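Below is one structure; the comments refer to it alone.
Chain IDs A, B, C and D follow the sequence of writing; residue 1 opens each chain.
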Amino acid sequence: MPPSSKLPVAILGATGAVGQRFVQLLANHPWFEIAVLTGSERSIGKPYAEVTRWILNEPIPPAIGTMIVQPTSDVADVPLAFGALPTENALEAEPQWAKGGVFVCSNASAFRMDPLVPLLIPEVNPQHLAILERQQRERGWPGAIVTNPNCATITVVMALKPLHDAFGVERMFVTTLQAVSGAGYPGVASLDIMDNIIPNIGNGGEEDKIETEPLKLLGQIGDEAFQNAKIAISAQVTRVPVLDGHTAAVSLGLANKASPEEAAACMSEFRAPQIVRNLPSAPTQPIVVRAEADRPQPRRDRDLFGGMGTTVGRVRPCNLHDLKFVVLSHNTIRGAAGGAILNAELLVAEGRVG
Amino acid sequence: MPPSSKLPVAILGATGAVGQRFVQLLANHPWFEIAVLTGSERSIGKPYAEVTRWILNEPIPPAIGTMIVQPTSDVADVPLAFGALPTENALEAEPQWAKGGVFVCSNASAFRMDPLVPLLIPEVNPQHLAILERQQRERGWPGAIVTNPNCATITVVMALKPLHDAFGVERMFVTTLQAVSGAGYPGVASLDIMDNIIPNIGNGGEEDKIETEPLKLLGQIGDEAFQNAKIAISAQVTRVPVLDGHTAAVSLGLANKASPEEAAACMSEFRAPQIVRNLPSAPTQPIVVRAEADRPQPRRDRDLFGGMGTTVGRVRPCNLHDLKFVVLSHNTIRGAAGGAILNAELLVAEGRVG
Amino acid sequence: MPPSSKLPVAILGATGAVGQRFVQLLANHPWFEIAVLTGSERSIGKPYAEVTRWILNEPIPPAIGTMIVQPTSDVADVPLAFGALPTENALEAEPQWAKGGVFVCSNASAFRMDPLVPLLIPEVNPQHLAILERQQRERGWPGAIVTNPNCATITVVMALKPLHDAFGVERMFVTTLQAVSGAGYPGVASLDIMDNIIPNIGNGGEEDKIETEPLKLLGQIGDEAFQNAKIAISAQVTRVPVLDGHTAAVSLGLANKASPEEAAACMSEFRAPQIVRNLPSAPTQPIVVRAEADRPQPRRDRDLFGGMGTTVGRVRPCNLHDLKFVVLSHNTIRGAAGGAILNAELLVAEGRVG
Amino acid sequence: MPPSSKLPVAILGATGAVGQRFVQLLANHPWFEIAVLTGSERSIGKPYAEVTRWILNEPIPPAIGTMIVQPTSDVADVPLAFGALPTENALEAEPQWAKGGVFVCSNASAFRMDPLVPLLIPEVNPQHLAILERQQRERGWPGAIVTNPNCATITVVMALKPLHDAFGVERMFVTTLQAVSGAGYPGVASLDIMDNIIPNIGNGGEEDKIETEPLKLLGQIGDEAFQNAKIAISAQVTRVPVLDGHTAAVSLGLANKASPEEAAACMSEFRAPQIVRNLPSAPTQPIVVRAEADRPQPRRDRDLFGGMGTTVGRVRPCNLHDLKFVVLSHNTIRGAAGGAILNAELLVAEGRVG
């Protein structure tokens, strides 16, 4: 099931914050090998290390630093590409690469709600990949586009999935406390966020994503593309002075009652299908439920399982709905680059790519 | 209505974080004069400046710094006292002072839910002071105890009051992002909160307060003490790396529908009774509703009207209930010392003290 | 000495971070009235509040918010202008305004080391204004340019001045811990400075300024412009996660020995000339020396005297030189807009303008 | 050279901040096995996980969490102990353990300047271990005490060592920017350090250590214990809002001139003796010199080589002395627990223990 030899991959938009996470996570990947890095006009033709304002703590992998940045408009001869482009660029480039025969695992929001594009979390809805045949046929693409959700959506839906399967989630109120790294680089000015909170992200756009993407993720593939799950979601997002790790306070209304103990056990015992569990980037366990009164905490829990784990805590009754809890994951690993890499691994493991 | 000469007042527990705010706000008060400062065993008999680890930015007022700290157990001959004691100490000392003829305006939680003790926000429920006669009669006190609510409760209830009057609040989901100063000094360790969030305060105790105190504040005085308002409240509290200013994300279910515009106008036009508006510490306007997409913010809005103002923003529809918005006020001024001083001013203005 | 009626003034580059401080500090100034705000291409012709990303805590003064932004290239008919332009724009615009008859009090570094331009701190070198006659004559300007020093230079030189006069400073080693507001807006990315230190500013340029500007400030006007003071200065600058207030750790070698007590008294007793002391923005006292072991601290001392004060602490012997101490002032008030306003007030008080 | 089987070790004061680092770093150590954890009165007889307020991001190793905490006064039958006690407790307990036959690798300051106790950095002064024979003989101990320096001293001396050997360091001015973890837990209150700097640590005590410990570290063993190096050092310490990683800005006067390039090469090429290089905790290379204008930075460089590396940057000329640079290392790993473990490894490799 692993590829017989490492697959060459491209990173589209490799110089930005998410692009850097792709570089970091792919530098020693057992299945993939970085073959192409693309960048914007000012970077093309220059060594990656020279044009990148590298912001991660670990240094640029030396072999990558000397690679020459290519134009995003030149589709490379690779089976897989990872998309870290801004939405407006992704709208144009990703279909080009799919048309050129490449499977694009995208982190952009451009095609997330496209009815022919899987919005994928391998532990949650791997069966949604079945739509790819129709995507390729209807669009006439030898390649394809697969997307991962918004970083805050991933955090929340990972916890929702087992509860929805077991008890039927009908209503969710969620307030997020999101890290500054979610805004890219330079992103949030220190003058705006030190000793402060900003009670909005993307002028409501982030809340829209959290209120809609889970419906597709927890929905079904019908005859005519996706049928959304029926959950009423209300979101309030905030930006907080935290570097990495999105925290979400959740209140759920369920179709079938569940005690906090039952809900905690349900999340704790949740397992992905076997094929997903064996992927190189899969977390040891999808969700860890902590019993301590003061967890999860972003600094102390974001790096669980290499940043691919999800931590839940404070599972308790809610005066309004049925359950309350707090859930946390790493927004630029689980919620962005790492999530897209896990998607690509599933494509390979299912024999769709490679 | 102002007292003919300044009234001498005591500050109980003057060396702690809230005690210091009392000192700061009373140092130049037009109606009150600090006459007595009490402290714990280790401070008694020493100058205030010597035993106080002063943490506010402005220096200790010089005339106060040289005052000798008194034992809390010695009831002083003053008409008014401000209580900044820990709950366990307040339980013993505040009734002592009331028995000794002093009106105690307390910030402690000890007697907040006592059916004979007014839990007071002058703009919200000044009529609750009527219970004082029964308190004095039944307890046999020539003085009395008046309390102000938990700091997060005040932030939220200020916004609820006009909405409840106009539209009937039935359900509230609230998530708070609370400043470190709420935990006193030394309080929250920097190792716990830098680059981090703590998703609990007081092991659930803070959430209990936010779920119960508003019911008394928005309730009525019946024949047998207070009748609680009927509102189902669910709270999730978090501690965030912010110095001062509690932020709350609120979702409301109303008995009578209100558009965001109507709700914003209702909050913005809310005014306290005339007697309250004229008090020295009253904010120019109880609630300011901001139209910007990214307000309120703690650092930029907490000092509104000397820290006594409340700022609301992002008033918008809610997918689950009727309305969502964000509300903010200064937790150690409006939510603690300043709130207690406003309570005392109302006692004087009504002729109950002085 | 105050002007008979308020003088109309212009703010050049009014929409940026320093421009906003000028607006804030001039909005209720007793001598000046904001008459003209200039901005860049994208702002011209629009109301100030609409084109300004306002970052200060206090709101935009309403009367200013509706003023229409003018092009910097149109010299206005005002006696005084405050310069908050980037250096490259200041190079062109400030001489234009001086040629047009305006006295420009500039915060830019463009002309600070020009031998005909006073680099002015009113408490330190008011006599340097005498060079203005030569500036006007040689440049043929009816107006003039006066500059204030770099923000970190001001912090340090305020403490150096009395010590240099009394004991002769020969050598200084200084390490600064500078606030993020010094980099303007958006300035320092939160991803770069949270839980972090950056050990450089402007790639060495900030250190150059601190090593050279004090020599002019403490120098003399000779026949041929300025004669620099003879002090060997070595600077190491760092950017720290602090919003406002530059802290400097200083070690001094003196020509004539001074004990820490003598040095502390010398700084504490330092007074500006009478004409300067009476200016509206002058601090109550130039330098306050604190005896506490842990002061000065930026958050607790930066707002001294409306942000125009300088705080010194930890005056003690040095194993290498003679004295060590820590000095602090507010970088965007004393070190930028407030300093330029004090300069303008001195021009008026001396009858040079108005 | 490695021990034939894992050596059982004790951690004295295992529940505190440094004790936790020992637990973390020793949990999977190739040579050592945690056999005994000691703690204070309130912890004795209880499981470690129950009595420890664990503050590290990684969870408590499960096998350690269930160990029962022992009294520090009971000397255990182990060859090695790691000391994480407060100074006053170390003064009593460490000699007891040495008397009981245990080699104590201590992080406390109690015996650092004792002329019979090696103050050890294995890369810097391994030959100082020769004093142990005299220590054992004169004190009559079958065991011994070895100490590691103050955390800021280690950071600085690592860079000084190769420069002192090659060019002779005569004078050093150093300003440190120290992380909050250096103060232990709870340590620095968030109310004291958020948006702030504290320009002192231990009321001058930290500066004393930085001004004296390097003289012993870089000195020689003579006939009568140590002969100090002759270097005049002046230190200014500050506490900054950084979690881990001490930064030091250094200016050096040298006996023999060195260009910045020569100095950078000298530090970069510095290597420990072969026996030290092969120790399990030894960094890949003692010092990495960065060429970038804005390094080292605590968040981005502290974890170099598992937190055992030292990073130097901005090597450049100094107007006063000969050289300036910035140096950084991890204060609780290299500067505390990790340093003590490296010391113990050297004791074993030299055959002194095991």
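One rule holds in what follows: a residue touches a chain if its C-beta (ideal position, glycine included) is under 8 Å from a C-beta of that chain, and two chains touch if they have at least 3 such contacts.
Owing to the predicted nature of the structure, the values given are computational and were not obtained by experimental measurement.
Asker: With contacts counted as defined, which of the two, B-C or B-D, has more C-beta pairs across the interface?
Answerer: B-D
Asker: Take the average of all CA coordinates in subunit B, do the same for subunit C, and state the distance between these two points in whole angstrom.
Answerer: 41
Asker: So the centre of each chain is just the mean of its C-alpha atoms; given that, what is the distance between subunit A and subunit B in Å?
Answerer: 42
Asker: How many angstrom lie between the centres of subunit B and subunit D, each centre taken as the mean Cα position?
Answerer: Comparing mean C-alpha positions, subunit D is 48 Å from subunit B.
Asker: Can you list the subunit D residues in contact with two or more other chains?
Answerer: Answer for subunit D, listing residues that touch two or more other chains: 194-195, 241, 243, 299-300.
Asker: Could you tell me which shape the graph of touching chains takes: line, ring, star, complete or other?
Answerer: complete
Asker: Which residues, counting only subunit C, touch subunit D once they are in their complex?
Answerer: For this pair, the touching residues of subunit C are 171-173, 175, 177, 194-200, 203-204, 211, 232-234, 236, 238, 240-243, 247, 249, 251, 293-300, 313-314, 316, 318-321, 324, 326.
Asker: Spell out the part of subunit C that touches subunit A in their complex, as residue ranges.
Answerer: Touch residues, subunit C against subunit A: 17, 55, 180-181, 185-195, 241, 243.
Asker: Please give the residue numbers of subunit D that touch subunit A in the complex, ascending.
Answerer: Residues 57, 194-195, 299-300, 303 of subunit D touch subunit A in their complex.
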